[in-house]
Structures are given as C-alpha cells and as structure tokens.
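Each of the next two complexes has chain A plus one other chain: chain B in the first, chain C in the second.
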Partner chain A sequence: MLEAREFPPIFLCPVCKAPQLITSKYASTFLFIYQPPKSCQEVLLGITGKDFTLIAASKAAMRGATILKASDDKTRQLNKHTLMAFSGEAGDTVQFAEYIQANAQLYSMRNEADLSPSAMANFVRRELASSLRSRKPYMVNLLLGGVDPITDKPSLHWLDYLAALAPVPYAAHGYAQYYCLSILDKHHQPDIDLERGLELLRLCTDELKRRLPIDFKGVLVKVVTKDGIREIDYDDSKQVQSA
Partner chain B sequence: MSSPFSINGGACVAMVGKDCVAIACDLRLGLQSLTVSNNFPKIFPYGDVYLGLTGLATDVATVSDLLRYKVNLYRLREERAISPQTLANLVSSSLYERRFGPFFVSPVIAGINHTTGKPFICGFDSIGCIDFAKDFIVSGTASDQLFGTCEGLWEPDLAPEDLFETISQALLNAVDRDALSGWGAHVYIIEKDKVTKRLLKGRQD
Partner chain C sequence: MDTLVAQYSRPLFENEGSSQEEQLELIQTLPPLSLKFALPPIAQPSAFLRATTDDHSNPDCPIKIAHGTTTLAFRFKGGIIVATDSRATAGNWIASQTVKKVIEINNCLLGTMAGGAAGTMCAGVTPQEGPALYYIDSDGTRLAGNLFCVGSGQTFAYGVLDAEYSYDLEDEAALELGRRSILAATHRDAYSGGFINLYHVKEDGWVKHGFSDTNPIFWKTKLDKGEFSNVTSELD
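Right after this comes the complex of A and B.
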C-alpha cells in the first residue's frame, strides 16, 4: 500500500498562492508550471437566477503591468444559449475558447440541435483534462453560463485550469473569488429576477473597485435567457469610495 | 498543502454491516482554503456497486467518467451487471496503467456480490494497490480523523439502520475536524434488494 508518498513541492503562484500543478504523462517525474499571476487579477463573475444566467468579465487586456486594451471581450458564444467566459494565459485563452466555439458550432450544424449547457460543460472539461496531461497544457479558467433549451433551466458551470468542473449557482475566478463569493453567499437566492441579479452584480463590482489594487477597467456584462444571449449596458463610470 | 491530493479536499468512507454495506462522502469542493462548491458528491454508482473517489477534483471526474465508459462496455459485452470484485480489479488495473503519471485519487468501493450475497468493500492507493478490508475503508483529507471515528464507532454485524447511524456519525464527526472537508454528506446504505441514499446537511461552516 502506497501511503505517505513524497511528492515534489508544488509551486504556489507568487501573487495569489494558488497551487500550480501540471502533470505530464510523458515524464516519469512531474512537471510543474506556473499559472501566470496576472490571470488572478482578471475578473470573471457568474450569477444564475430564476430564468437567466449573468456573466461579467473585466474589460482590461493586460500584459505585465500594462493595460493594452480597455474594451476586451473575454467571452465567446458557443451556441444560441451557451456563453463561455475565460481568463488565463494570453494566447491560450482565445485559442482554446475559439476551438471550443468552432466544435460547438460544428455539432449544431451536423445534428441540427444544440448541446445543452451541461453537455457542453462536460465536453469542455474533457478537452481541458486531456490537455492537462499533454506536453503543453492550456492554462485557462472558464465560466460556462447557459439556459437549457428544453427545460428553460438556467445553469452555471465553474471550470479551473486543472479541469475541475462544478455546477454552481454563482461563481468567480481569480481574486474576484475572495471578494464576491462571500457577498453572493449572503445575498443570493435561486429564484431572483434579472433586476435583482444586476443589483447583486453591482454589489460585487463595487466591492472589486473598492478593494482590488489595480483598475480592471470595468466589466462587460452579458445575460443568457431562453431567448438567447444579449449584452447589457452596464454603467461603470461611477466612482466608488474606498473604505 | 504540497500534495495534489489535498488541493480540493474531500472525504469518503465505506463500512460493512450484517448483509449490508454503506458508503458515504462529503460534498465540499475547494481550492485550498477557499470553498468553491458545497454540492460536489464523490460517490458514483456503477449498476449496484458504488465507487467513492477523493483527491484532485479533475481526476475524480476523469476517473469516474473513464470507469463509467468501461463498466458500460463490460455490461454490454457480458450482458450482466458488474460485481464489486470485478470492478475492484478494473479500477486497480486502470489506475496502474498510469503508474508513472498517476491519477491523484484514492478510490473506495462498496457493494454486495449478487452470486454469493456477501458484502464487499475495498480501497486503493493512487496507483491501484487494493486494500481489502473486513471492517471499513477511509480516504480523503479527513482520513486520519476517519480512522479514529471508525475505530471508535464500528462494530461487527450492524443492521442497516445501525450501520447508517454509525457511518454518518463517523463521517460527520471526522469532517468537522478537517478544514478541507464537510458541507454536508451523501450516505448510501446498500442491502441485497434495495439501496437507500440519504443526504445529510451537516455543519454549514
């Protein structure tokens, strides 16, 4: 019985202390790779309600300490009622998202039916999981928001770069987790309407503006309902007083 | 904290009773100290045999999916349900296939063999070494605590209702002493002709 087996130390992200582990099936030893620290500062937020799923993603495209763009869209529409938001290593993110998007659209064309959000989440998880044990894994954190086309039930799936999948009522990635999950723990109810959902989102983004050391340039907000996906005008101009 | 087995947290336990077995798991999914989900069950049914998987959450999902695929093919080929003993050997060989790049999981199996009618439980390490036990099997980040509670509470030939109480108390009291496990539990009591699944609320903090 292999009990107290020694593992090489897992590196912790120097910024957020998140474990940075990647295994490689080609090597008998383990290969460890850092998740780029800046991905912790990207904001991804998801909130489900009675008949909708809200997805918010920060608009700043960062490279090192520089903000290259203040109107970045970190989301891709997979089919009529599934939206995917992503953060992580530059390059990997868009490459992976558009690969998934293309396959989702191929499936819709071939079968004249869309994959349900949970089926889509399991497909994405499998792709990410097989990439995890390859020579160069994708370093991508994802949120998948959708509304089931048959049951009209909203859903939200949380996926990290290790391909751990969890269906959740609300979720966040990066530093936003530390600020927003506790707010949503207190205020979220499963049967809220869109108006209340946006109020909760406002609570979250205000807190992020108040506490995050860097400016994430506001969030792009999209909502998934049974009628499809639309962008919501979200006013980010208001100054938030720091505590 | 330097092990992939304790990034996401979680606990699982299986016990033998009189003509019955029980298996239970907690529901937490975390990233180190941060809880991401409080509804992440770690027990998966394969016919009437149950498999508990603790460890790295990505591998819990990968291994459970892989075994679902293999067990479904087994059922189609053999035209009968898989026995707990066969599943144990299937899990063992599937894990040993990855000897030099293992799945970071500690599986637990519980079931009743339908030809002999005998209860069966066993556990594994991450590379497939089977640990047969006559009493109980524990796994996960709360395994030290579970050894204590099981050693203290378990006795031979428990009836299904008593076994439920024993395994529930053993699990709940163990996860309350582990920061990485908890947030409620699923408990399965497996008898010859019925399986009872119960959801325990547990401490929500």
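Right after this comes the complex of A and C.
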C-alpha cells in the first residue's frame, strides 16, 4: 500500500531522470507498466575531428507505438556554420529549435556577423535554463555542432533538458549513449579526418542496429566544416551481422 | 502449603525491568575496551541503513540487492575469455573494490556472478561439447552463445567488444579485447570499477591472467594510445 505522501507516484526514467507519466494497468493493485520515453529511443550522435563536426540523428518520428515518418530531419541550421540536433517531447522539440533558429538569424541580420558556436551554445543554455524554471518547461535534449568562423576550430556542445552544457569531442543522447560512448572512448582521436569520422559513425550505428531492440530507421548525417553545412549520403540499408 | 502457594502466585511481572542491584551493577561495571561501533564513514548512518534496507517490498530480503557490475565472456577459436570488474555497490555506496566475481568451479569450468537478480555466465570446455558458453539468469533464461555481457555496465562492454570481435581472434588480441571492454565499462558505469579479473578457458583447463587495478591501466591506455580524448590529463 502506498503512503499518502507518495501520491501521485513519481517515476523517473532510468536513462534521462525525467519524470515519467505512468500508465497503470490495474489501477487498484498499483501495478505500473513502465514504458521508456521516446526521447531515450531517439538517436543523436556527434563527433568532432580536425576540421569538421559530424552530426547524426535518427530518421524515425515516433508517437506511441507508431513510426509516423521514416525520413524525419531532427536538425536545424542556426547560421552558416552552426547546426543543432534535437530530441525530446513531441512538439517541444521543433518549437524550441525553430525559436532558437529564428533568434540566431535575427542576430546575424542585426549585427552582420554570426554568433560563434560556443556563444550560441551559451545562448541556448540560458534559454533552456529560464524555460526550465517556468510553468511549462521545454523537454528538449540538444547537440550543437559547429566550426568557429574566425579560428576554424570545430566544436561540439552537449545540452540536456536540465540545461546542463558541456563542450565535448564526441557526444550522444538517449540509449545511444550507453552503446556509443564506450566505442568513441576507444576509437576517437582529436585529429581525425572526415573519412575516419564516418568510419567511427559506422561503428556506432552498426552497434545500435545490432543491440538496440528499436528500429530507429537509420540516421540522417550532416557535416559542418568551415565552408558550411552539408548533408552526407549515408547508406544504412545493410543488415548488421551479430556475434 | 501457604509458602508453596505464595511461591507460585507472585504477580506476573514482578521481576520485569532490572532490580536495584542489577541497575547498580550496570552502572558500576567497567565499560568495554571501546565504546565505538563500526559505522559506515558517512554523515548519517541511520539514514544510510534505511536507504539500503528493503524490508518493505520484500521481508525475506532486508538488504537491497546490489545490481552494479560488469561481466563478460566470449567464445573464439582459442577457447573462451572471461573478464569481470570487482566492484560491489549498495545504492551509491561502494561496499567493496576487491570482489572475486569469477567462480572457479573446477579446473575447466568457470562461472561469473552479477548482482543478486542479474544474470550469470558459465564457461567451460568439455570433451563432448568443446568450448561452451551459457548465459543464465534468475528468471530462468538459459542461452548458449558466442558472446555475452552482463550487468549495469554491459552496454559499454558490448560497444567495445562488438566493434572488434571476431571468432578468429588470436589469444593475445582476445585477452586484450576482454580487458579493454571491462575498462570501458568501469570508465562509464559508476557501479563498475576496481580491478579487472581476466581468465582464458582452454581445452586443457583455464588460465588466470591477473587481477589488475583499473586506474594505472586507464592512464596507460589514455597516455600511450591517445584514447579517452574527452578526459584531460593536464592539471590547469
């Protein structure tokens, strides 16, 4: 029997610690069915190299037990050399991403200069932090990849819905963290070229296909270099061999 | 007769509590050598004990079962590699860093353990089966296979292991891959750590390849090979 102060029962996602809505199958017996939140099943990956930042995001747009779209683009270009990938609560993600995108473009128009990737990351962090303390916070996890227009240095920033910000050489969100970070811990070097970066990405997506019991419909890959942002043709139709 | 009756008809709780003499005795006896109990070195031991006690949900099991661990085993042409970490946790408390999670059943059979309810693995070479590897868990699942990782750090170990696993690995490469996979898990999973316990099961029995501290292995891996590029080695 639950004590009175345990109402309503609060359940935290074991991956992202976000409070989850619990569906009770038998309301009288308090047997709760836990469903992993959608944001944990979405794949976001980022890898930096000597002159580029790679961003990969899963193509499945999910709602409940359905994949609504298998070619979803979970990224938005903020300016010439900054790309943001997002995952999280339906509706919040695109709303927040496009709000940031609009403000980034407004800044560029007013000042005739783009915000650098690290400045952009700190702006986004502040927006998320004030949203977190509002009545209805945005539940959005982000990766911000960019190349500094002045120094040409690539960068990657990891942000979660609690407005934690970290500059990192490689990053992931959701369940992908559990499989990919150990791979990147081993194989990543700061001075890799784009070809090697794509090889590392292949190691990661192959492992996700092999071990994740979710079909995330492959990933959309974009690369940021000093020349701008472009999509990379990434073939993930191949079946992965399991041990 | 009256004395006899009196002897058996005293009030029921006459002797309850300690008598005057007993109380005096209690006060006057010398204290034991040390009045200190061994307590966990934390701010509030009582709160800690409450947090690690689970008599509410399961009265038969008053101490919460620790789940944190990483164990792995894989089959390859040279036999079977078995590797584990050595950390035992109770909630956020690291209860031990020197647990032996590999059970030496006999000279050609090894078992691994991972927490209370999690899975175990059995690895051995028999004349009938050859090298055999089984995954077993408390639900009653039993699976034969080439490669298993178990515990809270399993995904991190799988990541490293899957990326370079092949049945045709040489002995040295297989041992190094097992060691590196446990290192990956101890680095990312807070509930895994301590020492890497490494075994090689061959046709003529198992060979132990050390119980080695992860800390020097981690720094050697980082500084010599340039891995773990997200960790800084500079102090400023």
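Here is the rule we go by: the second predicted complex is superposed on the first by the 208 of 243 C-alpha atoms of A that agree within 3 Å, B and C clash if a C-alpha of one lies under 4 Å from a C-alpha of the other, contacts with A are read in each partner's own complex, and residues count from 1 in each chain.
Throughout what follows, a contact is a pair of C-beta atoms (placed from the backbone, for glycine too) under 8 Å apart; a residue touches a chain by one contact, two chains touch by 3 or more.
It should be emphasised that the depicted structure is a prediction, and the values quoted were computed from it without experimental measurement.
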Inset, instruction - Kindly classify A:Glu207 by the partners it touches after superposition: chain B alone (first), chain C alone (second), both, or neither? - result: second
Legend entry - Dominant toucher of chain A (residue count), chain B or chain C: B
Inset, instruction - Would you sort A:Lys153 into first (chain B), second (chain C), both or neither based on which partner it touches? - result: neither
Legend entry - Which superposed partner A:Arg133 touches (first chain B, second chain C, both, neither): first
Legend entry - Which of chain B and chain C A:Ala243 touches, first, second, both or neither: second
Inset, instruction - Check whether A:His187 is in contact with chain B, with chain C, with both or with neither, and answer first, second, both or neither. - result: second
Inset, instruction - Tell me which partner A:Lys50 touches in the superposition: chain B (first), chain C (second), both or neither. - result: neither
Inset, instruction - Return first, second, both or neither, reflecting whether A:Tyr178 touches chain B, chain C, both chains, or no partner chain. - result: both
Legend entry - Partner chain(s) touched by A:Arg125 [first = chain B, second = chain C, both, neither]: first
Inset, instruction - Check the residue A:Leu162 against both partner chains and state whether it touches chain B (first), chain C (second), both, or neither. - result: first
Inset, instruction - Enumerate the residues of chain A that count as touching chain B in its complex and touching chain C in the other. - result: 168, 178, 181
Legend entry - Interface residues, chain A side, partner chain C - complex: 168-170, 178-183, 185-190, 203, 206-207, 210-211, 243
Inset, instruction - Quick one: which bits of chain A touch chain B in the complex? Just the residue numbers, please. - result: 1-3, 5, 7, 9-10, 17-19, 21, 23-28, 30, 125-126, 129, 132-133, 158, 160, 162-168, 171, 177-178, 181
Legend entry - Complex contacts: residues of chain B adjacent to chain A: 1-4, 7-8, 29, 31-32, 34-37, 39-40, 56-58, 61-62, 65, 98, 100-101, 125-127, 129, 131
Legend entry - chain C residues within the chain A interface of the complex: 74, 145-147, 155-160, 162-163, 165, 180-181, 184-185, 187-188, 226-230
